[in-house]
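The following blocks contain the structures, represented as structure tokens.
Two complexes, one shared chain (chain A), two partners (chain B, chain C).
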Partner chain A sequence: MEILALLTSGLLEALEPLNLLLIVIGVTLGLFIGAMPGLGSVNGVAILLPITFLVPPASAIIFLAAIYYGAMYGGAISSITLGIPGASTAVATTFDGRPLAMKGRASLALVTAAIASFVGGTVSIILFTAFAPMLASVALSFGNPEIFALMLLAFATFVGLGGDDIPKTILSICLGLVFAAVGFDEISGEPRLVFFGIPGFLHGINFLVLAIGVYGIGEMLWTIDTTRGKITTTEAKMSVKGVFADAKEGITQGWRGTSIGSFLGFFVGILPAAGATPGSLMSYGVAKLTSRDPGSYGKGNPDGVAAPEAANNSASTGSMLPMLTLGIPGSPTTAILLGGMVIWGLTPGPRLFTDEPAFVWGLIGSFYVSNFFALVINLSFIPLFIWMLRMPFTILAPMIFVLSIVGGYAATNDMHDVWLMIAFGLGAFFLRKFDYPLAPAVLAIVLGPIAEPTLRQSLLLSSGDPSIFFTRPIAGPITVIAIILILLPLFGMIRDRVRRREKPAT
Partner chain B sequence: MRLGELVTAGVLAVLSIYMMWKSTELDIGYISGEGPGGGAWPFWLSAIMLICTVMIFYKGVRRLSPPSQSDEPVLDAEGRKMLLQVFGGIFVFVALVGIFSMYVAMGMFLFYYLWFLGRHTLRLSLTLTVVTPVIFFFFFEALMRITLPKGMEFMEPIYNYLNTIIY
Partner chain C sequence: MSITKRTFIALAGATALTATFANSAAAFEPTKPIDFVIMAGAGGGADQIARFIQSVAEKKKLTVRPLVPNNKGGGSGAEALIALKGASDPDHTILVTLNSFFTTPLRQENLGIDVTTFTPVAMMGVDPFVLWVHKDSGITDFDQWVAKVKEGGYVMGGTGKGQEDSLVITWLEQNFDLDIKYIPYKGGGAVAKDLAGQQIMASVNNPAETKGFYASGDVVPLLAFSDERMPAFPDVPTVKELGKDFSYYNQRAVVGAPGMSDDAAKYYQDLFQTIYDTEEWQGYMESESLSPLWMNPEEQKEYWNTQIENHKELLAKMGE
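And then the complex of A and B:
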């Protein structure tokens, strides 16, 4: 009952005029960002975070969370009408969304995606409301060794389940962590890693400098380089009557995928560092695997649109759970939100629920409101979003570069950081070319300032004995799971070797 | 791509060694009563990075990673041109901030990108070139009270005048 009272006050806070306005703007921006190929929620949140310093922290995070939601809905628009995913989270939506559009059923696909997103979002928010306070109260007893073990788990998830090249993933994590260590050593107060003696490094490397460099500049360069060809849009004719007919058809044909995506997406989203992209791909896979007619997938089955769309919305809420309760982001976007919370003077982690209940419940309340508005705005303005997709990239790209440069400056008020940011952008462009995953680096630069002190204090507690991470009742199992995850790819490699040896290549 | 893969691994290896060396400016061992020294964390992380670069290099030499199997150039002629024009534009934009202020440099960059690279009409290019910095000015200076760089001294009278409007 207490939760219901808190939730009601949270909903009321989310419905305050300023917050409501920010939700509507955020969702609309998110829909657009999600729909634009090459831009996803993480780009939008990274580039727009600096401009949120204008409003109070609670409103700022509500705005950014609304962008996150909107982008999950928006990704489907370009997946269906252009056949190219608007964001990585909507990759699986192209599998069946595009064939439906080619058959002239683009509006059915779009409506199914919107409804599935809404259901996925709603189910996950209810799960979130039920689980979050519980998890937070458990996490209150966590000490330094437990927190460090959780950090290790977050990085291990990237290594074990990320699917990218292992040495490149580990390198990316370490790079982010070392960058986070630049500036001052907090314990001894000595300057540390002041590269080439440049004084600009004395204040450390702000996570936004890396995040905007990677997502605002590096990724844009990469998109410009890879999408040189012309893109063709499929027309989607929408009418009020048609939307209702499509909604009925979408619900009857896509309910199975929607329910799989809603639940699976949430639990994949909770996993530290997994996020919405693997969540949506897995849900598509499971929906196809358990279907009576798997052959129809990939040819325009509404279930194939519903599963990944329900999952990406559900996972985006799921990834907020570890961020708010444990202080560990569940996706690159939530990593940036977490960094933002630190800037706003909030300490993420279990104490947030007891110290800042108004903030936490206002945010949870805003999830419900954002989800509702995302559905309404999405359904009513689909033709407008499709029209906006025709906006030439040569208008959008310079605007994003300008926003990135200004945002990078506004975050720290130092031109040194702007130079550093464009250097990171160029570096990120080349690293991306060689398949280096960069999300781990962004996550690491956010988590570095938490991981290092907890490690050092744990080791101080145990007089340098690392077994402290194995012998404590909560830290122990977490560390073991993390180590298994790190070793998982190694087992795979050994298995492959053995098999190859058994069957010598002909 | 293979050469690029190897060169990238090499550059990252040099970076790791540099960061390891830089970390040793602080204590990298365990200080009893104080815990690990200030340099230990970055030192060992950089060491792990170095090991990773060796593995990446090895996989590149043995053609085990996708980039090292690809024969495509890292950047073809068009890619090089794009990078030079787009990244070069951003670079010049940032360099001009210190001279002409953020807002004027922004306008110059937009005009260069829209008119020269984007080949949009002069009317559209000029509209966006003028309107965008104005919106940014009012948003940052008036609403958010964040002052962006105003460039060298000769720009001062212009901003003094604009400040009388917003304050």
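And then the complex of A and C:
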């Protein structure tokens, strides 16, 4: 009951004219920042942080949280319409969003993304409101062995998927892991894999550089090569009636992915070190894995759009939880928000809920309001995004190329990364020609930097004994599930062999 | 009392401000945005400080061109040092440093970086190290802690090997004859979280990194590596009280690129003096438990030389 009273006062605060105005502006700004390839919520929040000194702290964080929210919605837009992930969190959205757009169903993908985002956001806020203090202790009970087990599970969801060529999937994962290892070894404190001593490799390979290279440049080259420029994505049409039809179709086909993404995304989001990007990739993997028709994923299944979109919104709320209750950011964006809170003179940590209830509940209230406005604003802009798709491919292709380059530069402000991105794009084009799946490489470069140190830290803790992953109460079951998932396709292969052998005999 | 102090600081700030304008009009003034390089990734301690400084400069309109934060945390700060060494416009390139300013060039000699060629700008404060344990360990003072560690199997966490935390923990091991299992983490925040979750048994976090858990009573400070007792923890003894001549701080300093012109150096020194004197910065130092250690440029150079020697010795002892 106390929670309801606090929530009501929080909602009232969020609906104050100044805060409401900031929410609307923030969500709209976030939507466009998220839609720009390379620019994600991290950049948006970092750039606009100084502006917030003009308003009280509660309004400031409401504004920044609205940008964060808007960017989560916006990231899907360029993933779907252009095939370039608008933000790191929307990489998984390209897997099915782009094929849908190519089929002329961009509006279905966009509407599904918006609805899934709304549901994911709402579910996570409700979980947040009801269980915040309890979940904080869950986050604390996740040590290195637990996080590693979770990362293993994430890899397993991708390897264990039937359909794709498994040796090629593993090779793609290995490539991603090598790229993830470039730069710096945080355990030994030494630089490593700094190719040719080029200083640009010292900061490692930002995974947006790989993702934009693969999905922006590589994909575009592949499209040009296969269609010789005769591509038509102009069938996309838009009407009010269409939106409702699409909404209905999106809900009926995407409810499973939405529910998986909403809960899994939230859970991954509350773990410090993880964040929205691994959350959305894992949700995509799980949605595909548990689907009755995994083969339709990657070819334009609305469920494949709904799962990552629900997850990234859900995870972005989730990652606020360790930031507020533990003072530990769950994602790069919350790291900046945390810095902001220190600047505003607040101390994030276990006492924040008791010391600053007005601030905390105002923020929670604003989540509900932002989420609602993000849905409305997003839906109302969809015709504009569809209109972009009606442009002839001869105009769209160079535009995608330019946006990719700008996006690659914006990610790290380093020309080195632009060249690297172009190299990745060319590499991806050839790998694609030889039917190598590239999503696993992108997954690996996201999860590698989390998996590697936690693996090594765990083994340091156990003096090299790998049983640490099986004997701990939380890590144990997760590891076992992950291993079963990895071995599943192997069982499948053996079964097929046995059957084939039996057939000639009978 | 506090009012007079505040007024004084404000006055000092105002004077410094006029001084800045008077000087800059005659000599140097930035003609384009200032590249404000940060020797750490987004969200860490050094990054928070840099963004706080930027916010003060912005709020008080202290610079004609903006300070643009530029995170270059790669290679334990090597990336930032290389960027400064090769800065195309040294007059518009400054760096927020931590102790990797000293350790990274020593540990990665092939970088060919000599930090004494950098331009001193301002020492914004130093961040002392403190030994922390979890409250459930029942340990309340340093002697109990030593006894507990001697029982064996003790696990501590800290930042990467060869960085600040590991130097302090190695010092503890060598001076109190201890054997500690050291788990390196990416940053102080992750260490603080794992201490609160009892994944590790103790840490040597800076107070700012763990103050949330200190406020909630989850973690207990045992020993300060500062020269004198810290105002925020008056009951916590210092290493010097144990009869060992040792203290260890993380520096929060701003330096200019090598080859910065004297006029530009003067401009930034005045600018950061102004920021240092603001009520905001003074309040920040207090809330984040930073110790003041203001130095003029010559003293800073002197300080660098002693720190380089100290770190050489510490790293040698670690076997690096």
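General observations
We take it that the second predicted complex is superposed on the first by the 277 of 506 C-alpha atoms of A that agree within 3 Å, B and C clash if a C-alpha of one lies under 4 Å from a C-alpha of the other, contacts with A are read in each partner's own complex, and residues count from 1 in each chain.
In the analysis below, a contact is a pair of C-beta atoms (placed from the backbone, for glycine too) under 8 Å apart; a residue touches a chain by one contact, two chains touch by 3 or more.
Keep in mind the model is a prediction, meaning the values are calculated, not measured.
In the superposition on chain A, A:G143 makes contact with chain C only, not with chain B.
In the superposition on chain A, contact of A:L460 is made with both chain B and chain C.
In the superposition on chain A, contact is made by A:F53 with both chain B and chain C.
Legend: residue contacts after superposition of the two complexes on their common chain; A:S188 is shown touching both chain B and chain C.
In the superposed pair of complexes, A:A65 makes contact with neither chain B nor chain C.
When the shared chain is aligned, no partner comes close enough to touch A:V369: not chain B, not chain C.
Residue contacts after overlaying the shared chain place A:I217 against chain B, while chain C stays out of touching range. Using the contact criterion defined above for the overlaid structures, shared-chain residue A:V178 touches chain B, although it does not reach chain C. Residue contacts after overlaying the shared chain place A:M415 against chain B, while chain C stays out of touching range. Shared contact residues of chain A with chain B and chain C: 53, 187-188, 190, 194, 413, 457, 460, 463.
Chain C meets chain A in the complex at residues 42-44, 47-48, 51-52, 54-55, 58-59, 69-70, 72-76, 78-79, 82-83, 107-108, 155, 160-163, 166, 181-186, 189-190, 192-194, 196-197, 199, 211-213, 215-216, 218, 283, 287-288. Residues 1, 4-5, 8, 12, 18-19, 22-23, 25-27, 30, 32, 34-39, 41-42, 45-46, 48-49, 51-53, 55-56, 59, 65-67, 74-75, 78-79, 82-83, 86-87, 90-91, 93-94, 97-98, 102, 106, 109-110, 113-114, 117-120, 128, 132, 136, 139-140, 143-144, 146, 148-149 of chain B are the ones that touch chain A when the two sit in their complex.
Listing the residues of chain A that touch chain B in their complex gives 51, 53-54, 165, 167-168, 170-171, 174-175, 177-178, 181, 185, 187-188, 190, 192-195, 217, 221, 224-225, 228, 392, 394-395, 397-399, 401-402, 405-406, 409-410, 413, 415, 418-419, 422, 425-426, 429-431, 433-435, 452, 455-457, 459-460, 463-464. Against chain C, in their complex, chain A makes its touches with residues 42, 46, 49-50, 53, 139-144, 183-184, 186-191, 194, 199, 202-204, 272-273, 322, 326-329, 332, 335-336, 338-340, 342-343, 345, 347-352, 413, 453, 457, 460-461, 463.
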